[in-house]
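Below, each structure is written out as C-alpha cells.
The following pair of complexes shares a single chain, chain A, combined with chain B in the former and chain C in the latter.
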Partner chain A sequence: MKRARTLVTDSPPRAHAGEPSWRDSAGQAWRAYASDRLAVAGLVIAVLVGLIAIFAPWISPYSPTAGVGADRLLPPLVDGHILGTDGQGRDILTRLMWGARMSLLIGIVPTVLAFFISVPLGVIAGYHLGWVGEGIMRLLDVFLAFPMVLLGLAIVSVLGDGMINVMLAIVIIELPFMARLVYTETSLMRQKPFVTAARVSGSTTLQIMAREVLPNVLGSLVVYSTTIVGAMIVIGAGFSFLGIGIQPPTADWGIMTADGAPVLDSLPHISLLPGVAIIIVALAFAWIGDGLRLVVDPRKRVV
Partner chain B sequence: MVRFLAKRTVLALFTLWGVTVLIFILFQALPGDAAISLLGSQAGNPEAVARMRSYLGLDRPAYIQYFVWLGDLLQGDLGQSARFDQPVSKLILDKALNSIILLVGSAVVMFSVGIPLGIVAALRERSLFDRIGMGVIIVLGMVPVFWFGLLLIYLFALVLDVLPASRMYSFHDSNRTLSILVHLVLPAITTAAISITILARVTRASLLETLEAPFMQALIARGIPVRRRIWRHAMRNILPIMVNVSGLQIGWLFSGAIFTEVIFSWPGIGRLIYDAVSARDVPVALGGILVVGALFVLANLAADVATASLDPRRREAM
Partner chain C sequence: MASSVGNEEEKNGTAEPVLRVRGLTTHFELSSHTVRAVDGIDLDVARGQTVCLVGESGSGKSATGLSILRLVPSPGRIVSGEISLNGVNLLDLDAKEMERVRGPEVTMVFQHPRAALDPYFRIGDQVTETAAIQMGLSRRQAHETAREHLAAVHVSQIDRITRAYPHQLSGGECQRVMIAMALLCRPKLLIADEPTSALDAKVQSDLLDVLREVTEEYEMAVILITHDIGVVERMADRVAVMYAGRIVEEGAARDVLSSPQHPYTLGLMNSVPKVGQRSRRLQQLDGQPPDPAAMPPGCRFAPRCAERVPHCSEVEPELRPVAPGRFARCHLRGDAPMAAEERAVPG
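What follows is the complex of A and B.
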C-alpha cells in the first residue's frame, strides 16, 4: 500500500462551474477507490465469489449433499474430482462452491438488517438524547459487555440451530457495534455549524436528522458494515463448526472444516481448504471497506 | 480518581446486572420443558411432570424465578446440573484452574509476541520486516480460530510430530508440570492469535504517532540518546493505551478459548459450556456463560481503572 504523501485538500478544478455532474462525482469516487490496489483486488474477489455463489447450481460438477458411497475420501485429481471427495463421497470443489452461498448469506443478510435497525437507534440516541437515547445506549452497552461468540452461543442455543437463527444471532451480535458508531457520529454532527444553521433557519428535528445528520453518518456506517461482513462470516462459520449453526448435510465452510478434522492426518485439504476460502472472502471485504473509506472521507484520500 | 473509580464501578455493576437479566430472558425463551427433558421415560406421566416443575420452581411467575435465581446467584449458587447431579458452581470451579492455565499461557504468548512485533515494526517503519510482519498480521486477524487450531495440529502434531494435539497432559509423562506445559503450547498460540494481531497493530500505530509528536522532536534537540528517547519517553507515553488494549484482549481470550478448548479437548470452562449447550443442560450453560461474561466485564473494568491511573485525561473523560 505505497502512497505518495500529498493530501488532497480541495476538489480538483472543474472545467466549468456549477454543480458537479453525476458522472463527475462517480468518476472521482472510483478514482479514490481505485487508488487503493488492495481495494480493487478485494472487489474482484468478492464479485468472483458472488458469481460462484449465485451460479453454483449450474457450474458445480456434482451434487453438494448427496455423496457416492464408493467414492469416499478420494485424493485430489482422481475420477474427475479436482479437489477429491470427502468422507461421504461428496465432491469437495462442489461443496466449496455451494459453501460460498452460505457464507455470503450469513455475512451479508444480517449486516443489511442490522444496518437498517442501527440507523434509527443510533440517530435517536445520538441526536435526541433524553431518557430514550440514554436507555438505548445503556441497553446496547450490556450487549457490548458480552464477548461476541458467547452471546451468539447463548442465542443460538436458545433459538435452536438453523440458518435463520444464526442470522438472527449475528444481527444481535453486530447491532450494538453499528448503533454505537451511528450514535458517536451523530453526537459529533450535532455540534457542527451546519446543523445549527439548519435549526436557526427553522428546520424541525426530524428534518435535521434526515437532511443534515443522516447523509453524513451513513458514509461511515457503510464503510464499517462492509468491514464487519468478513468478521461475521468467520463467526457464522464458527457456529457451524461447533455444530450449533447451519446443520449438515448443507455445504457450509464451517461444517466442511469440522467434517475434515478426523482425516486431518491423511487428507488435510478437506479441513483446511474451506478455512482458506473463509480467510480470502473475509480479507476481500476488509479491503473493500478500506477502499470505501477513501471514497466516503475525502480527507483520507491521497493522490 | 475516586470519582472515576466510583462511576466506573457503578457502570460495571449495572452491566453485570444487565448480563444476568439478558441471560435469564434468553434461557426463559428456551423451547422445551426442562422438567420433561429431565424426567426422560417418565415424561408421559403428568403428575410426575407437575411435581418436577414445582421442584424446579418452573410453576412460579418468571420475575419471581428471576429474583430467586439472582438471590441464589449472589450466594454463589448457580443451580444444579441434572446431567451430572452436581452443583453447577462445583462443575465450574473444577474446570476453573484448567481454564486459568490456558488463559495465562495465552496471555504470555499474546504479550511476548504482540508487543515486540509492534515495537520493532514501528521503529523500522516501511522496512521489509514491517511490511511482511504487518501483512501477516492482517491476514492472521481474519483467520477463524478453529481453523488456525487445526492448522497448528496438522503442522506441529501430525507432520512434524513435535507437540501433542489434544488433552492437557499425558499419563505417560513422569513430570506432570512439564507435560502440561508441552500440551499448552498449541492451545495457547491458537487462543492468542487474534489478540496478537490487535496488540501488535495498536502498539505499532501508537508508537508511530508518539514518535512524531513535538515532544519527541524536543528530546532530539536536547540531545537525548535514541534508546532513552524510546524506552523512557515514547514507551511511557503509549503505556496507557497498551494497558487498556491488553485488558480488553484478556477479556476476549476468554471467549476465544471456547473454540480452543473444543478443538484441543482442553478440559476447561469453555468446553464445559459447549458440552452443556449441546446437551441442553441449561443450568450449566447458563452458569458458565454468566461466569465468563462476568469475568469479561471485570477485565474491562480493570483495564479502564489501570488506564485511568496511568493517564489523568482518562479520568476526566468519564
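What follows is the complex of A and C.
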C-alpha cells in the first residue's frame, strides 16, 4: 500500500516534485486526527456548541433572563418548553444555549491569553538557565503550591466577582502549569542531538529557538491548552455555582446548576441538564486534545 | 583520486594545515573529581586530508571533536591549548564569532543520525532550510540545492526521502541526509564522530564511499573519529591513536597500520580479524582503561601493557618521533626502533 503510493506520487516529474504541498501535510494531519474517533466526536461537539453559542440570540426560543411567573418549575416536554423551566419560569433550553457562550468564553479566552504569556516566559527560563530563568520559574512555582480552585477563589475574592475577574483568575491559575510545560520541554529540547546538530551547522541561539525549540514546544503546548480548556470550563462554572463568578441573572451553566440545587430531589433536571452540558463540553475538549497529540507528533501517526 | 606530488605532500601533512591543534586540554569538572578527557593534544589536519582519531570509548576522541567546535557540554571546559583553524585561534573568539565559524568553517556529523534530525519536520524542509540559511538562497533555489545535495550523497528515491519524517527513514538514509546537510555548509573542516558505527556493514561501507567521494570533491579536511580499524584502513591518510586523553601514536595511516609502534596500537590491531588470514585466536586487550579519577603515575597504558618495564610505571613517556612523520608515546620505542619491529611480530 505504501509502496503503491510512493510509485504514484513519484512518477509524474513535476516542477516542484518532492516538496510536500500544504494540502498534502494538512491531509496527513487530518488522517492522523481522524484515526482517533473520540477526537472526531469531541470536535463535532465543540463545533456544535460553538455554533449554538454564536447563534443563541437568534435560535433560542425565549428570553434567557426574563421568566414568566406562571410557567415556573415546569418539567420537560411541557407547553413548548422542551427542557422545562426553572424556578423563575425561564426556559431551560434557552438558558443552556446562552450559557454555552459563557462557558466557552471562560474556557477559551483565558487559555489563549495564558498561552501567549507562557511561551516567552517558559522559553526564556528554559533556554537561559541563569538567574532570569530561575526567577521566573520560582515565582510561578509559588502559584503552583496552591490548589487550583483555592487559588482561584482567593484571586476572585480579592479582585471581586464578575466575568472579567474570573477570566483573570483563570489566566493566573493556568499560567504556572503552561509555563512549566514550556520550560520543561525547552530545557529538554536544548540538549537534544538535533539542537546540537543545528549549532554545529552555525545556527545562532535565536535561530535555534525559533526553528528547532519553538515548533517542538508549541505542539505540546497546543495539546495541553486544548485539554485544559475543559478543566477551566468546570472551574469557571464552579465559581458561578459558588456565587463568586458570573452573576445572575446571566445565563451560565454554573449558576443554573446552583439554581436547581434546592429542588434537586423533586425536579432534578434543572441542575442536571446544565451539569451534563458542562461534562460534555469539558470532555469534548479533552478528546480534541488527545487527537491533536497525534497530529502534533509525526512519530505517533499511523500511516 | 589525483596523485600528483603536491597532493601527496598534502596527504602527509607537510602543507600548511587547515586545522592546527596544540596542547588542547579539556576537563570535565565533576563535584568529586576532575576528568581529564583531553589532556594535551597536538593535531594537524591539512586540506583534503583525512585524519582518523582512533581509540576505545572514553579515550577522549569525541571530546576532542566537540572541543574543536567549542561545544563541550557542561561541566566540560577547555582548560588550555590552541585550536587554529586557517590561522585563527578559535579559543580567542567570542560566542557570536564562534557561531559564524560553525557551518562554513567547521561542522560535524554525529553517530546517531536519526537523533540529529528534528523529528517534527520533513527531511525536505530541514535540508531546504539549512540550504536557505547557510547559502543565503531563496526558498525555491534552496529547494533545488537541497535536492542536488541529496543526489550527491546518492540518496535513492529523493522524492520519498524529502517527504518523509526522520522516523520513516533507515539509519543509513538519515546519515546520508546529515552528510548532505553538512555539505551545504561547505566546511573547510568536517568532523565525523563515529558516522557509521550505528549502521550495519553494507550500509557502513556505502556510506564511507559517499563520505570519501564528497570530501575529496570539496577537498575538505576531515577528522574521522572511530574505534573501527576497518574504517581507518579505508579512509585514513593519517592516524592518531588516543588512549586515556592522550595521543599515544601518530603517523601516516599505512605505516601505523602495517607496523604499529605503541603496544596499545598493536593490541588494537591484534584484536581485529583480518581478511585473508588463517583463522587464529584474536588477541584481546586485557584490562580496562584507567580510572580518570586515578591516572597511573607513569605511562597510562602501563597497567595493561605486555611489554612494560619498571620504568614505565614511574615516568610518563613523551610523544617522540620514532621514524620520519611518526610519533609514539612509549619508552621502548624511538631510540631502538629495531627492537620495536621485533616485538611487533605477534608471538
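Basically, the second predicted complex is superposed on the first by the 277 of 303 C-alpha atoms of A that agree within 3 Å, B and C clash if a C-alpha of one lies under 4 Å from a C-alpha of the other, contacts with A are read in each partner's own complex, and residues count from 1 in each chain.
Note that in this section a contact is a pair of C-beta atoms (placed from the backbone, for glycine too) under 8 Å apart; a residue touches a chain by one contact, two chains touch by 3 or more.
Since the structure is predicted, the reported quantities are computational estimates derived from the model, not experimental observations.
After overlaying the two complexes on the shared chain, residue contacts for A:G202 are found with chain C alone; chain B is out of touch. Shared-chain residue A:L264: touches chain B; no touch with chain C.
More residues of chain A lie in contact with B than with the other chain of the pair chain B and chain C. Residue contacts after overlaying the shared chain place A:R211 against chain C, while chain B stays out of touching range. By the touch criterion defined above, A:V142 lies against chain B but remains apart from chain C after alignment on the C-alpha atoms of chain A. By the touch criterion defined above, A:L221 reaches neither chain B nor chain C.
In the overlay built on the shared chain, the residue A:M97 is in contact with neither chain B nor chain C. Contact with neither chain B nor chain C is seen for A:M167 once the two complexes are overlaid on the shared chain.
The touching residues of chain A, when paired with chain C in their complex, are 6, 9-10, 16-20, 24, 191-194, 196-197, 199-205, 207, 211-212, 215-216, 219, 296-299.
Partner chain A is touched in their complex by these residues of chain C: 69, 71, 73, 96, 99-104, 107-108, 110, 112, 115-122, 124-125, 128-130, 133-134, 143, 147, 157-160, 162-163, 165, 167, 178, 181-182, 184-185. Within the complex formed with chain A, the residues of chain B that make contact are 11, 14-15, 18-19, 21-23, 26-27, 29-31, 138-139, 142-148, 150-151, 153-154, 158, 251-252, 254-256, 258-259, 262, 273-274, 277-278, 280, 285, 289, 292-293, 296-297, 300. Of all the residues in chain A, the ones that touch chain B in their complex are 138-139, 141-143, 145-150, 153-155, 157-160, 230-231, 234, 237-238, 241-244, 254, 257-258, 261, 264-265, 268, 271-272, 274-275, 278-279, 282-283, 286.
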